[in-house]
Amino acid sequence: MGKKSFALPYVVWMIGFTIIPLAMIVFYGLTDDTGAFTLENVAAIMTAEHAQALWLSLGLALVSTVICLVLAYPLAMILKSISKNRSSLIVFIFILPMWMNSLLRTMAWQTILSNQGILNLILEFLGLPAVRIINTTGAIIFGMVYDFLPFMVLPIYNVLIKIGQDKVEAARDLGANGVQTFFRVTFPLSMPGVVSGITMVFVPAMTTFVISNLLGGGKILLIGNVIEQAFTSGSNWHLGSGLSLVLMVFIFISMAILAKYDPEGSNVV
Amino acid sequence: MERTLINLVDISKQFGDTLVLDEMNLTVRENEFVTLLGPSGCGKTTTLRIIGGFVQPTTGKVIFDGKDITKLPPNKRPVNTVFQKYALFTHMNVEENIAFGLKIRGKSKDYIRDKIKYALKLVNLDGYEKRSVNALSGGQQQRIAIARAIVNEPRVLLLDEPLGALDLKLRQDMQYELIRMKKELGITFIYVTHDQEEALTMSDTIVVMNQGYIQQMGTPEQIYNEPENAFVADFIGESNIVDGVMLEDRLVEILGVKFPCVDEGFGRNKPVDVVIRPEDIILSETEPGLLDGVVTHLIFKGVHYEMEVMAGGYEWLVHSTKCFPVGTKVSLKVKPFDIQIMNKPESEDEMAVEIDG
Amino acid sequence: MKNAMKKIYLILMLFYLYAPIMVLMVLSFNESRSRVTWGGFSLKWYEDLFTNSMILDALKTTLIIALVSAAAATVLGTLACLGINRMRKTPRTIVMGMNNIPMMNAEIVTGISLMLCFVAFGITLSFKTVLLAHITFNVPYVILSVMPKLKQTEVSVYEAAVDLGASPVYAFFKVVLPDLMPGILSGFLMAFTMSLDDFVITHFTRGAGVNTLSTLIYSEVRRGIKPTMYALSTLMFVSVLVLLILINVRPQKKKDVIE
């Protein structure tokens, strides 16, 4: 049933389009215009402007990841409990919206959140004070949560449906009430899903430049914006590559931290 | 016998349109080993889950030691369950699994440690405290599941086909182990299985169920030797079930031949089902019997020969230590005591002879 | 009570996920070009759509890239799965690790790295480079959905077919492939959807004048997006919705008949 060599075209493809391109970033990041070795592009992260963008990205990504987790976990539990028509419901909830361009959907939040937008109309109707959220970090977090929520729900849901009902029943049988069962059995068993959900939200949230551009009014710079500008308007590819290297290091570190919480190898009680 | 511990009163359970249990009544005494036996879909697991608190009966009451516990959630019931596929917590090691219920109850560390030690000794797995449950064999996981349940000192242990996933040899060993543990613990066991041999080996009382009804309840000997209807006779061991007519007390006509028997009180000329176990038919080449026939099949089974004998228009299943080759003309004889007479089922509901799978 | 809470939460989340979509649909019928004021009902943006060559071109490019890249990724990915399945543990771990890079890595890094690579090797950024980039990030989705199906498929089924006289090729197409088909299909759909919705990687790898819907929208953001785009999105969304409903309603009817 197949031969090892069947994988050869893809292995070659990966070397050509994944490995070599990454090597190119390393090369550009560690050289200057003349091709000479330099750490300047990497060290550029220390400048006030870049460092601020990096910390802001980290902070916003962290906040939106936590919000996603808090919103997604109950949703995944509910989806599991009404799982009779599960596959089609999941498709309707998470895949279908992707058929409307994500840029447009993010843009639509501008309409909803803007100062004369729908949200404020509703608040006014309810006699509540208007909120000024558009073009703030709050709006960016709003967009991040909206865009990446499915990537938190799906892995958690996929793990939850594999936890046998008998394990929950066993905990109940041994005297645990609903809350104890959740914290001692269900949640620890769902950790692999939580960890992969966190990764899938944190990385794109930390590196986005689109959401900050659309909902931040172009005034709020995230590290993604800095890098993007280095390549498009700034045309300083070496600087952009150097900053990308730093970004990759941060991604690797966060993944390494998360891997520790993945109970595959260790016991997390 | 000891006093009543569990009383199921008029329990019915409906899942959607299907009636799984129909007004079932069952009494379990203290320190009894009760086995619920029946084919899949007979309602035995549902009965166990109602006692465990995982399923709410549609109607009826569960009385435990005189108190109505029908509405009590599983975590408040003085029973523990050994689940079919063990349901061990894979994110905990052996020790943490066993300690689970004790920690919930806030027992002291010393108490928990002693209990774990005792329980592991009981299930013959001393020293396994720190092992990962994923690294255990099926039989070992089974023992941990039992240990995890019994440390909580339940008054009743519910076992849901606990040996179903084990291979034959291990299953037989575990049967003896379970009997031993039951004796040591001195608590009530309610055991669910579809394996008649398991039920006969271990139980004090067997409850044979089919299609939501209790077909018969009694000691293993009663169930085997005096099945009350054709379903029980067919489900427990192999048997010849033939139509007969009870001519008068102690005389039944089978296939046009009069057989003396020991049953009384069926009335005159009443149609009945007659059960004759294969090992109770005596074959002879020389002596005259009640029926004459010809051996049509012969299989060597180790302890005995299994033969099929065509006689009186019925193919009789016969077990004998003597060998009669195919084609041999033989006579059949049955001792009056070995003929079991049963009433024919009266209503559609009791027509429950079909066995799933 | 508990069930009511669940329902309310589910409805709230659905509302959250679909609110922007509803807003865009409403705006597509707005006479006014403004995103905040309602100028009355109008179908003019739908009329404009069929004459707007820029949007129609972008749509064509988007669909061609999505279709071709998903198809290529499906073939490449399915073949790779068959090969990886035969590998020993170490090479398998290495290949699967490489496969995970585009999924785990930041899109911006993937996009930049491909762009740098194309430029460094003298490949002009164009339609083709976008296509190559899309194939690259699509294959992992195919592998992710085919691999589990392949693991479920018993080798004995293939061996039985060969034992019964089938040639290996015949056995593969008649026995193994049908088993994998659901995985392959969902991998293809996943890849198609991802490609359709991608902006970041396209943004960095496209050549001058090559526009997908995403890049066209992004370039219009500053001057304000023409509601024609909303009209197109509404049409796409509704057609997929109808398609999904048709697919999901049919098997249910079948079940009713059986019951």
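Every chain is named by a letter (A, B and C) in the order it is written, and numbering of its residues begins at 1.
One rule holds for everything that comes next: a contact is a pair of C-beta atoms (placed from the backbone, for glycine too) under 8 Å apart; a residue touches a chain by one contact, two chains touch by 3 or more.
The model shown is predicted, which means the values in this text are computed figures rather than measured ones.
Between chain B and chain C, the least number of touching-chain steps is 2. Averaging C-alpha coordinates per chain and comparing to chain C, the farthest chain turns out to be B. Note on interfaces A-C and A-B: more C-beta pairs are in contact across A-C. Centre to centre, using the average C-alpha position, chain A and chain B are separated by 55 Å.
If each chain is reduced to the centroid of its CA atoms, chain A and chain C end up 18 Å from each other. Chain A contributes residues 1-11, 13-14, 17-22, 24-25, 28, 71, 74-75, 78-79, 81-82, 88, 91-112, 114, 116-118, 146, 149, 199, 203-204, 206-210, 213-214, 224, 227-228, 231, 237, 240-241, 244, 247-248, 251, 255 to its touches with chain C in the complex. The touching residues of chain A, when paired with chain B in their complex, are 164, 166-167, 169-177, 180, 184-185, 188-189, 191, 263, 267-269.
Within the complex formed with chain A, the residues of chain B that make contact are 52-54, 73-75, 79-81, 83-85, 87-93, 96, 100-101, 104-105, 148-149, 152.
Here chain C touches chain A in the complex through residues 6, 9-10, 13-14, 16-21, 23-24, 27, 35-36, 76-77, 79-80, 82-87, 95, 98-99, 101-102, 104-110, 112-117, 120, 132-133, 135-136, 139, 153, 155, 158, 172, 176, 193, 196-197, 199-200, 204, 213-214, 217-218, 221, 225, 229-230, 233, 236-237, 240-241, 244, 248, going by the rule given at the top.
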